Amino acid sequence: MLGYTITQWIFGILSFLAIMFALMVVFSRNPVNSVLYLVMTFFCIAGHYLLMNAQFLAIVHIVVYAGAIMVLFLFVIMLMNLNHDTEPKSKWLPKTIAIIAGGMMLFVLVGSLKGTEQLNLSSYGASQIGTVKNLGKVLFSEFLFPFEIASILLLAAMVGAIMIGKREIK
Amino acid sequence: MIKLIALVPLFPLIGFLINGFFGKKLSKSLSGIIASVSILASFVLSVLIFVELQGSAQKSHIIEAFSWINSGTLHIPFEFLVDPLSSLFLLIITGIGFLIHVYSIGYMHDDEGFSRFFTYLNLFVFFMLLLVLGNNYLIMFVGWEGVGLCSYLLIGFWFKNTAYNNAARKAFVMNRIGDLGFLLGIILIFVTFGSISFNEVFDKAGTVGTSVITAIALLLFIGAMGKSAQIPLYTWLPDAMAGPTPVSALIHAATMVTAGIYMVTRSNIFYSISDVASEVVAITGVVTALFAATIGLLQNDIKKILAYSTVSQLGLMFLGLGVGAYSSAVFHVTTHAFFKALLFLGAGSVIHAMGGEQDIRKMGGLSNHIKITFWTMFIGTIAISGIPPFSGFFSKDEILAHTYEHSPVLWFLGMVTSMLTVFYMCRMLFLTFYGKFRGTHEQEHHLHESPKSMTIPLMVLALLAAAGGLLGLPEFLHLPNWMHHNLESVIKRPDPMTMDHDKELILMGLAVLAAGTVWFFAHMMYRVNKVLPAAKEEQLKPWQKLIYNKYWVDEIYDAVIRKPLDFLSDIFYKFMDIAMIDGIVNGVGSAVKGVGSVVRLAQQGSIGFYVISMVLGVVFIVLLTFLIK
Amino acid sequence: MKGLLIISGLGVLAMLAEIFRFKKLLLPIVLLGIVAAYAFNFMEWNNGFVISYFNNMIAFDKMGIAFSGIIIATAFFWFILANDYFEDETNVVDHFALVLFALVGALMLTSFKNMTTLFLGVEIMSIPLYVLAASQKKDLKSNEAGFKYLIMGSFASAFLLFGIALIYGSTGSFDIMEIRQHISAHTAELPTFFYVGVVMMLVAMCFKVSAAPFHFWAPDVYQGSPTLITALMSTIVKTAAFAAFMRLFMIGFAGVSELWTGILAVIIAISLVVANFSAAMQSNVKRMLAYSSISHAGFMLMVILANIRSNISVDAILYYSLAYSIGSIAAFGIVYNVTKGGDESFDAFNGLAKRNPGMALCMTVAMLSLAGIPVTSGFFAKYFVFTAMIGTSYKWLLILAVLTSAVGAYYYLKVIIAMYFKPQQNTEPVIVERSQVMVITLTSAIVIAIGVVPGIVAEMFRF
Amino acid sequence: MINGISINYYLLLSAVLFIIGAVGVMARRNSIIIFMCIELMLNAVNLLLVAFSTLHGDASGQVFVFFIMAVAAAEVAVGLAILSMIYRNVKSIDTDLLSNLKN
Amino acid sequence: MLTALLIGFPLIASLLVFFIKGNASRNIALGASVIQFAISLAAFFMYRHNPDNAILSFNHTWVQSLGINFAVSLDGISMLLVLLTTFLVPLIILSSFKNEYENPHSFYGLILLMQMALIGVFVANDGFLFYVFWELALIPIYFICLLWGGENRGKITFKFFVYTLLGSLFMLVGLIYLYNHTGGITGVKSWMVNDLYEAGRSLDLKQQSAVFWMIFIAFAIKMPIFPFHTWQPDTYVNAPTQGTMLLSGIMLKMGTFGVIKWLLPVVPLGLEAWGGTAITLSVIGIVYASCIAIVQKDYKRLIAYSSIAHVGLISAGILTATQQGVQGAVMQMLAHGVNVVGLFLIADILLRHTGTREIDKLGGIRGMNGNFAVLFLIVLLGAVALPLTNGFIGEFLLINGVYQYSAWMAAFAGLSVILGAVYMLRSYQGIMLGERKDNNMAFGPLATTDKAVLIIICVVIIAFGVYPKPLNDLAEEGVKQILMNLK
């Protein structure tokens, strides 16, 4: 099809959508819309994961991000009743500068990535690594310490969130 | 005896210490006696040493007191040199010093700073003795500066008077200008010869280049100019008359101001080697002599007249030195010490009689009231005028004879000077002692002869002034010139006179004739015609104004040196130091603050801005590292 | 390793205190635990470099142990100092737990061997601090500080991660040693994005040590946070961040030092200038100390820069960290007491010499140490920096350091002048709790002691 | 299945996503959206890691993604807690209101 | 050991004094400083007996790995400066007896602490130790000026501190640079002075020049040399008199001493290349400061500027690196120390008796207190370097040394002889002579302590002007050693 393989088509469409939705996240005025666009972006990224045979990761991704984190966002937005355009018209100058800075960074990154040797991804072996079994093995052997210590992280986050979140008792 | 030389300066020092520490507790007479006795002791010792030296074959004795400064190759012991030159000066200093001490007991009797006066005077004698006794240039310099200090203290003796204080300060500072030259000369001597002891230096003097010798000689001469009040450093001496009159006699006439002559004589080898230097000395001398003599013509202050006369006579001595007549110059120093001390003390006596009045316009006819003073001063005037057989004639004549041999032009100028001298001295004498009294009635009533303690020194000095010529009778008359023989060992390269005797006789006759003529002229003018000096400056003719105002030299110095210096100092302080240098230093501080306040503007508090700057930071770093490379 | 485990355990234990009602005993227990952690930490001293745990995830080598030692010791003093701060707080237990968790993160940073542990260490350390910075719930400044810290921290983490990803992509590993070997084996073949990755990590780490121009968060956060939390940030967090920085760049990226030393030099220069000049303009003491910490960051980075070029030992930065931490503890302890009334400007210090001479003296010592005057430890710290720098080709940076040091003296002296010279409006004596007096005096004494005999510290850390 | 896609495309894609996130953080004043943008940046990194993991045939890249997710969750939890606290205090989540600490 | 005691004793004494409240502290401080003087006298005689006496040096490793030693010993020059310090400190303490200070214990404690640091600077034989003491000396004087100074003390001491600190930091860099070049043969780096000398000499011209300036700047600021001097007059004027005395009498010598021991032998080539510039600056400073002194109204400020002039000559003499120049500098350092303390005491007495130091407002004091006038005059004569006062020997040797470098420079430097007389006599005349003015109608007799201090100073001025041999011999020997290193 027009000289591209299906994979390339899928990659192209997913990438386009991801970028589109990402832009919508940034430029939408309503936070709720932003959340929804972000969820869409995550789905596109999950599609990429699938494309790269990282099935388990794709599922976890959907569950954690779309299922948990974004819901949390929505929850907070609703809680604060921000479901409307609360953001006042922002000044054009910071925005312009931000966009210029972003553009410069993109230019720089692309410039520095140019000339990299073309390394094509191959599905050989890739189909093996993304499985639950394989990932579990790696996680509980090589990455055991980080896995354990991540509990401290979550614990800390939990304690912190609770401490901040609870109302002061007078 | 010579071994005891250290005692000679020590006695005045002891006198100084006693008077200095206990002066206030001592009675006036005791304090004066202590001071005088200490000088007398020195004098007696000096005489003994002098006699011993005359009898001994060895003409130069070095006695080391202690080691003073050592620095690498520089060794400066504190040591004394006894030789004919220094022993002669010892006699002059202690002898005349003693007379003046005695005189001062009477003169200063009513002053509240009586003991202080003697303290200073003793200290002065101490330093003066050090000056002439030192066996190296630095000890000489010690005495040199020391007498400067005493001069400062004594000129400003009446410290409540601002004008006197200014005069004292001026004397010190001007002397210091000369001293700097002297000091640099000493250092150049050390650098050249590796030593500053007289004998070692003089022995090696012939071995180095003439230009170095010239430099040394000129630097030393700068010192002499300051101390001996030569152009351009002479203006302090007339001002120095602010001090009590005995001080003027001792320091500013007889001893200290002749230190320059002593120094040049001591260093005669340098001047003998360097023609340039001796030319400079001679010309400076004669110009000063003439210049000061002209100023002396129209002065009205009795002491100022004597002061200018001193400057003039000193110039004459330098003229002698410059033409190589070292012993003649020393001879003139000696006779000058006699008659100038006499004149000053006499003037002191006059002032004493007049109750402090110094203006000759207000005097007149004093010869009847103060006879001793008059006669002694008369002798002094004759002596300075160079009328034979008084002392001044012989010494001045020797100098002029040498000068003629050297350069008739200089001789002519010298002659003019001595004629002017005769004129202003006569003017002073006649206006003071003859004619009618012009002072107030009260002063007239008060006129009286001075006490014995004052008149006796006057008489002694008069005797010396009259007979001092015996020390150096003219050789061509086959008379013994003791002075000349005495100093033979000191003059390293003598410049014997080759003039034939007839010529010398003619010159001598000319001098006497000139002096006589001028005397007669003055006599006609002031005694016969009774000309009186103008009471006010406006009455003067322009050329008289010029002279009367001393050619405005003081004012010129003021405008050329003092004011610009003050101005420059002000500029340095207000503009350079405070505004510029400190301004820069403080400016750095302000710059820090300025930059700080600019930099902190970046800290806007807005997250977006922080993030942007972080991104931009990354962008620039990547740009710098990858794209520009 | 045991030290790390003990601290983690303590953190969990602290959470239980509320439930089992031994709140009063908590502090002694924590202090005891810290002492134990310190002891166990140093028991591994002789293990050398070989020991690493969990598939090279973490390795308490001498460098790690030494930095851990500094951090644990500082924590010990901090806890005593914070005693009365906790008493005022309703959430004592949470605070304890959070600080201890942050400590765990800090300790991980001193000893990581893998990008994973680096990343987790950074986050474990930072997340409790975000909370602690914001812990004055009613205080808008505190809120703002926490929020800014969070946003900026996360943003920097994103850069860190992007860097890690790029490096992983080019070397195929997260292990520091493997990356190092890969670099030395394939120096010529590294793709450009590897270098971009290094730069991104450099930026992120510079953010963590608050070097300019990535320092903007620091003054705001330092000022807004409760004073004692600021003390924590400027001591433990800073030390840990430096340990991590060193490990990452001196071990991991030593092979490509040409790339980053030049950048680092520029960053140091900007840090020195911006920090010192801004500090000179501050009127808020905490903010001044924040800028001062930025300038000290510049100094410490200089050692890293110098070490990589002249390859001399790292004891300089160890000594610097220790000197700076101890000095800061003393300084913040006093600032905490003096600013209790709410006034955080220099004026709060006016007449302290009369209101509490002992504290004024300690503050003087601390300030002189920060300014680098002998015989305080700050001087030796500075001395080490100069010694290290003088062998390098960055002489201009050295001169800049000298000049800005003089500017530094300016604002430290402002405190001293305020204490001794300015008239006080408030004549009431400043009363400081006994335990705090002890800590402040002790830390001041240590500042002098290790300045007088720097050998006991500097030589201990010789490798 | 992925054959034929150059790693450069994934690099490019994640870079673009990363920068979009960064621009969001820079440009927006709504705190919640800023948070979301940070999430977006993290996801860009995740995507890159997975791509590299596939490239190298190495699972550790994917494992690393798990940790990033955990951290993201923790950060969001804490962040939203702080945000709600701020909202309680000032009734707004506009970052402009949070710029009192400055200079 | 004895040298270590010289450092240790004031330290202990100062700690003791810190804990004694009230005016008892000053008596104890005085006692301690007198004992300290006795100790240094003992050291002096021992040194004269046998300079290599083991008891006079002390060496203990401080930081082994860095080659830092606590090495102190005495050589001729440092012996003299130690003697100067220990001689002046009791006088300074004694001179303060008429001034009431708040918190006297801290004041006297700081003075003793200062003494410790100063002696440390003079006896240190290890470059690092030297630097530490150098900086240490800054702190007590900073506090003395800050706590007991005059009107603008905050701003002025601040400038002083930052300025001198900046210089010191440069010196530190220079010294570290030298240190990094030690251990050429053995590979063991060391801070010992001789190793630094060796290291310095192994450098090439460019390096030596850099080191020269790095180190010289610190000394130049401390001394101070034109144009680094602007901190000095303000600080001198604003510091309490005792602080000024410490600053000018002793602390200033740190700079000159530093040049002699820590600059000359270290960078001979650098000196050759840049000594001329430095001498020129010094000599400009002489004339410049002398001129400024002429127009000063405040007597204390006048002395401050005169001090700049004096120190310019000292520095020029040292930099010529001739026996006479350096020895003269040493002698002049001693003389200047004594004289300037005397002058500042006089300024203090004037202020205390009349309430002003403005020359224009004073006058005629001589008529009211002749003894004071005489003592003042003697101190003044020492300051204008009249022969047979202590100032002369140094000045003569200094000008001699400078002359050997350049005759014109010497002539220019010699202007200080004239200008010094001008401003000193002008001020003396303004203050003491003439008619008395209204505001100082009553100038009573001096306090016993003031009188005692002034008399001691005057005796020393004359005694060492007449018979300088004991000091001069030490100076000569010490300078010879230093210059030997130069070859």
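Per-chain numbering from 1; labels A, B, C, D and E assigned in written order.
Criterion: contacts are C-beta pairs under 8 Å (C-beta built on N, C-alpha and C of every residue); 3 or more make two chains touch, one makes a residue touch a chain.
What you see is a predicted model; the values in this text were computed from it and never measured.
Student: Could you tell me which chains are in contact with chain D and with chain E alike?
Tutor: B, C
Student: What is the set of chains touching both chain A and chain E?
Tutor: Correct list: B, C.
Student: Once every inter-chain C-beta contact is counted, which two chains account for the most?
Tutor: Summing C-beta contacts for every pairing gives the maximum at A-D.
Student: For chain D, which other chain has the most distant CA centre?
Tutor: B
Student: Farthest from chain C in C-alpha centre terms, which chain would that be?
Tutor: B
Student: Just by CA atoms, which chain is the most central one?
Tutor: Measuring from the global C-alpha mean, the nearest chain centre belongs to E.
Student: What's the distance between the Cα centroids of chain A and chain C, rounded to whole Å?
Tutor: One centre to the other, that is 32 Å.
Student: Rounded to a whole Å, what is the gap between the Cα centroids of chain A and chain D?
Tutor: 6
Student: So what's the Cα centroid distance for chain B and chain C, whole Å?
Tutor: From the centre of chain B to the centre of chain C is 77 Å.
Student: Rounded to the nearest whole Å, what is the centre-to-centre distance of chain C and chain E, using the mean of the C-alpha atoms as each centre?
Tutor: Between these chains, centre-to-centre, one finds 42 Å.
Student: What are the residues of chain C that contact at least two other chains?
Tutor: 116, 120, 123, 127, 130-131, 134, 137-138, 148, 151, 155, 192-193, 195-196, 219-220, 407, 410
Student: Residues touching two or more other chains, restricted to chain A: which are they?
Tutor: If we look for residues of chain A contacting two or more partner chains, we find 94, 97-98, 101-102, 105, 109, 112-113, 116, 142-143, 146, 150, 153, 156-157, 160-162, 164.
Student: Please list all residues of chain D that touch 2 or more other chains.
Tutor: Chain D, residues with two or more chain partners: 7, 11, 21-22, 25-29, 34-35, 51, 55, 58, 60, 67, 71, 74-75, 78, 81-83, 85, 98-102.
Student: Which of the chains are touching one another, listed as pairs?
Tutor: Chains touch in the following pairs: A-B, A-C, A-D, B-C, B-D, B-E, C-D, C-E.
Student: For the complex, which residues does chain D have touching chain B?
Tutor: Those in contact with chain B are residues 22, 25-29, 34, 95-96, 98-103.
Student: Which bits of chain B are touching chain E when the two form their complex?
Tutor: Touching chain E from chain B are residues 66-74, 138, 141-142, 144-146, 149, 152, 156, 159-162, 165-166, 169, 172-173, 176-177, 179-180, 183-184, 187-188, 190-191, 565-566, 568-570, 572-573, 576-577, 581-582, 585-586, 589.
Student: In their complex, what parts of chain B are in touch with chain A?
Tutor: Listed in rising order, the residues are 606, 608-609, 612, 615-616, 618-619, 622-623, 626-627.
Student: Which residues of chain A touch chain B in their complex?
Tutor: Checking each residue of chain A against chain B gives 94, 97-98, 101-102, 104-105, 108-109, 111-112.
Student: Under the touch definition given earlier, write down the residues of chain A that touch chain C in their complex.
Tutor: 109, 112-117, 141-146, 149-150, 152-153, 155-157, 159-164, 168-169
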